[in-house]
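In what follows, chain A forms one complex with chain B and a second complex with chain C.
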Partner chain A sequence: MNSLQQILFLLGKDLRIELRKKESLVSMAFFGALILVILNIAAGIGKQVDADAGAGILWVAIIFSSVLGLGRVFAREKENGCVAALLLSPISPGEIFIAKVLVNFCLMLLSQLVLVPVFYVLFGSNFSAGPIALVPILLLVNLGFSTTGTLISAISAGTRRNEVLLPILLFPLILPLTALAVKATAGALAARPLTELMDQLEPMIAFCLIFSAAGYLLFPFAIRED
Partner chain B sequence: MTETNGSAFLSIDGLRKSYGGLEALRGVDLELQRGEFLCLFGPNGAGKSTLLKIIATLLRPSSGRVKVLDYDLDENPQEYRARLGMVSHQSFVYQDLTLLENLEFYAALYGVKDPRQRALALLEQVNLADRYDMPAGHLSRGMQQRLTIARALVNDPALLLLDEPYTGLDEHAAKVLRDQLQLLHDRKRTIIMVTHNLRRGMESATRLGILARGELVYLQEKSAVDHASFEELYFQHLEAV
Partner chain C sequence: MTPLNRTTFLPALAALMIPLAIGMIFFYAPLERSMGIIQKIFYFHLSLAATAFLSFFVACISGIMYLLRRQRIWDARLAASVEIGVVLTTLVLISGSLWGRPIWNTWWTWDPRLTTSLILWFIFASCLILRSAVDEEGKRASYSAVMAIIGFVDVPIVFLSARLWRSIHPTVIRSEGIGLESSMLITLLVSIVAMLIFWAALFRLRCSQHLQENALRDLQQQLQH
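Then we have the complex of A and B:
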């Protein structure tokens, strides 16, 4: 039994439950779309927004809605002590971490398949670039958010007020990533070539690498009882 | 798990565990040979569950050590865990997965050769085969406990830890559990069970122990135990709390 197989079993189990219940996906997509509609009303229906404002609006919707899915992934493991069952099994905590990061990554990606088109319908008339231009930025944020969020949700899942603690701990940590993503997205929406966005994309890659390594190393301490 | 002749299967040496200022275990020493079935009794808060969690590597001791054959529980716990089974207060099953999916998932995680076949065989053993496609969340408390027991056996454990396994079981389900334990015991599996149920504990075990206030105050072969005096001793410790 190799590590990759064990990670895939865990990932498959989580995705099977999620696709069956659709708890996280539906709430993430619905909440994100709701935020976009509210911001559309606030900006003035039919009014055009520029690339800078549009980028901010998109990331507010994605980041806030993604927290809903993040909390649920670990809450499910805590129910009936399943996290203890995983710790009792031959799978290492590092492998559990990688599987959970992949689950969160997939959930974010699936919810963005709804949110990005909704964003373009509501705000997109003024943008020079289509949704494809956003793909590298979305993938990087999803990875950075998933690694950081998985670690923080493992810490907060063990507390009584985890739904409050999770965003309070998470948002300050992902602030640099979000700020870079907003700037890069503004550039992408204005149809600037990818090479011109490297000033933002490179530090985003560094963020992902640092938090992936930190999450992998710290996760065993975050999920243990003692 | 292989074993060299003469060495203990499990040895616990001066085990202590503190939660802040509260001492849950105060120097527990214990040795078990392969195939022994130890039943530990004790009042609430005696440290029974803490002891099991430390043996299961879910908790780290404050001091002392647990040795299971030649496994290094700190450096390479994965190999040890692959041959360990545990029934806890919690069911360890996913409510949204069916019974078959739950057992298949755990069997795959443990590297069992044919996870589906193993899952079906276990469901048969605990008399839940006819409900294989039912979500675990729809089961009654007793049926959940039977599923929990099947889950703990998914890797054919060499060491089985049971924390109050008879809780919520009706007479029929209790018999199913007792038969499973007997089967494991016959196959030289080592079992440690923690329970308040004197009758159930005494009918299955080969050794009896009492844990009180974090100390192992009594440990004896069942064959050498006088049931009446053991009961009296146990109730004395219950009343002392």
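Then we have the complex of A and C:
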């Protein structure tokens, strides 16, 4: 098998487990929808939310719910000592990293298929742009979040306090990405064209590139059990 | 010099230099025209910020060196610099707030520098939490090395994203030159040097403490077997 086949093989394996158990995806979508409902009530029932506040609400729901799925990706491997088996297999740690990033990316995308419509149902009456305008921003954040998150969840899964440590370690790192995404989303919700959002999208692309490279290089040290 | 003298040399020098810097700040440097006495906080604020950033840089380098060499000394250096960096960044944020309250009329604002310092503080404080959560020495060292490197790599992006907000932070050191009177500049340089010596003293102390702690744990384990 060449490396692309190996990555796709690992990705297929994780997606198959997810399809059969449905543990991460259901909890991600459910928790995210729950946060959206709570924030809708917190914003005041019957009050209109403008594009700026709406963008913040959407990202709070997405980021918080994605952490749930992220925590499971390595915890599942650790439970039965699968990490050791993965490392013994003729697959380089870098390829494991790429496969896990893709798994997270898919999970986030699938949960957003639920969350974004729920968001529009609850808050959408005031926005001038439809959900399609958000797609480039969603894809970029998913990539940045997955690369950073995969690296950090490999670290936190090696500690005794996985669930607590993951958000504590991850949120400060992705704060700039979130801030940029909120700003870009507010612009997109106000139906501004994509070219006007390049000021935010360019640093987001840079974030994705930097953390893809850093994650790929540092992941072997985070996963190795010595 | 005997070993005892060597460990006390830097702290003793810092104990001389910091009072000297304080003395210069209050008696040598002139009173700033518009801000008055409040401007005096700037000398220590900038020195603290410079040394805090130095700590995170040292932490990143130590992290890389640890991952390459796997030597205990680099882990001790990383731990020491992250600890000192978090303390110094806390002081930077506090001293900045104290200055900002009368001058900007607010304790906090989302300016690029403030945001960057705050996020750095969060990242490296979380690195300390991570260290306290892992018991095995090797694991703790590689995990915190990865965190220190990735935290430092995050800095340019944090600064880039923080430009979203307008800046009201004064820029004293610009590319055209330094916007300070010469006596203020000398005071500033003395403060920075004093803080650097203090930093080096702290760094050495904490490093050797970490190494001693590890040696002690080794001895304990040998006794148990």
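One rule holds for everything that comes next: the second predicted complex is superposed on the first by the 226 of 226 C-alpha atoms of A that agree within 3 Å, B and C clash if a C-alpha of one lies under 4 Å from a C-alpha of the other, contacts with A are read in each partner's own complex, and residues count from 1 in each chain.
As a convention for this text, contacts are C-beta pairs under 8 Å (C-beta built on N, C-alpha and C of every residue); 3 or more make two chains touch, one makes a residue touch a chain.
Everything numeric in this text was worked out from a predicted model, so none of it was measured.
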Which superposed partner A:173 touches (first chain B, second chain C, both, neither): second
First (chain B), second (chain C), both or neither touched by A:183: second
Partner chain in contact with A:88 - chain B first, chain C second, else both or neither: first
First, second, both or neither for A:103, with chain B first and chain C second: neither
Which of chain B and chain C A:201 touches, first, second, both or neither: neither
Contacts of A:76 with chain B and chain C, given as first, second, both or neither: first
Partner chain in contact with A:20 - chain B first, chain C second, else both or neither: first
Intersection of the chain A residues that touch chain B with those that touch chain C: 224-226
Complex interface listing, chain A residues touching chain C: 148, 151, 155, 158-161, 165, 168-169, 171-173, 175-177, 179-180, 183, 200, 203, 206-207, 210-211, 214, 218, 221-222, 224-226
In the complex, chain A residues that touch chain B: 1, 5-6, 9-10, 13, 16-17, 20-21, 76, 79-82, 84-92, 224-226
Complex contacts: residues of chain B adjacent to chain A: 53, 56-60, 78-79, 81-82, 84, 86, 88-97, 101, 105-106, 108-111, 151
Chain C residues within the chain A interface of the complex: 67, 119, 122-123, 126-127, 129-130, 133-135, 138-139, 142-143, 145-147, 149-151, 153-154, 156-158, 160-162, 164
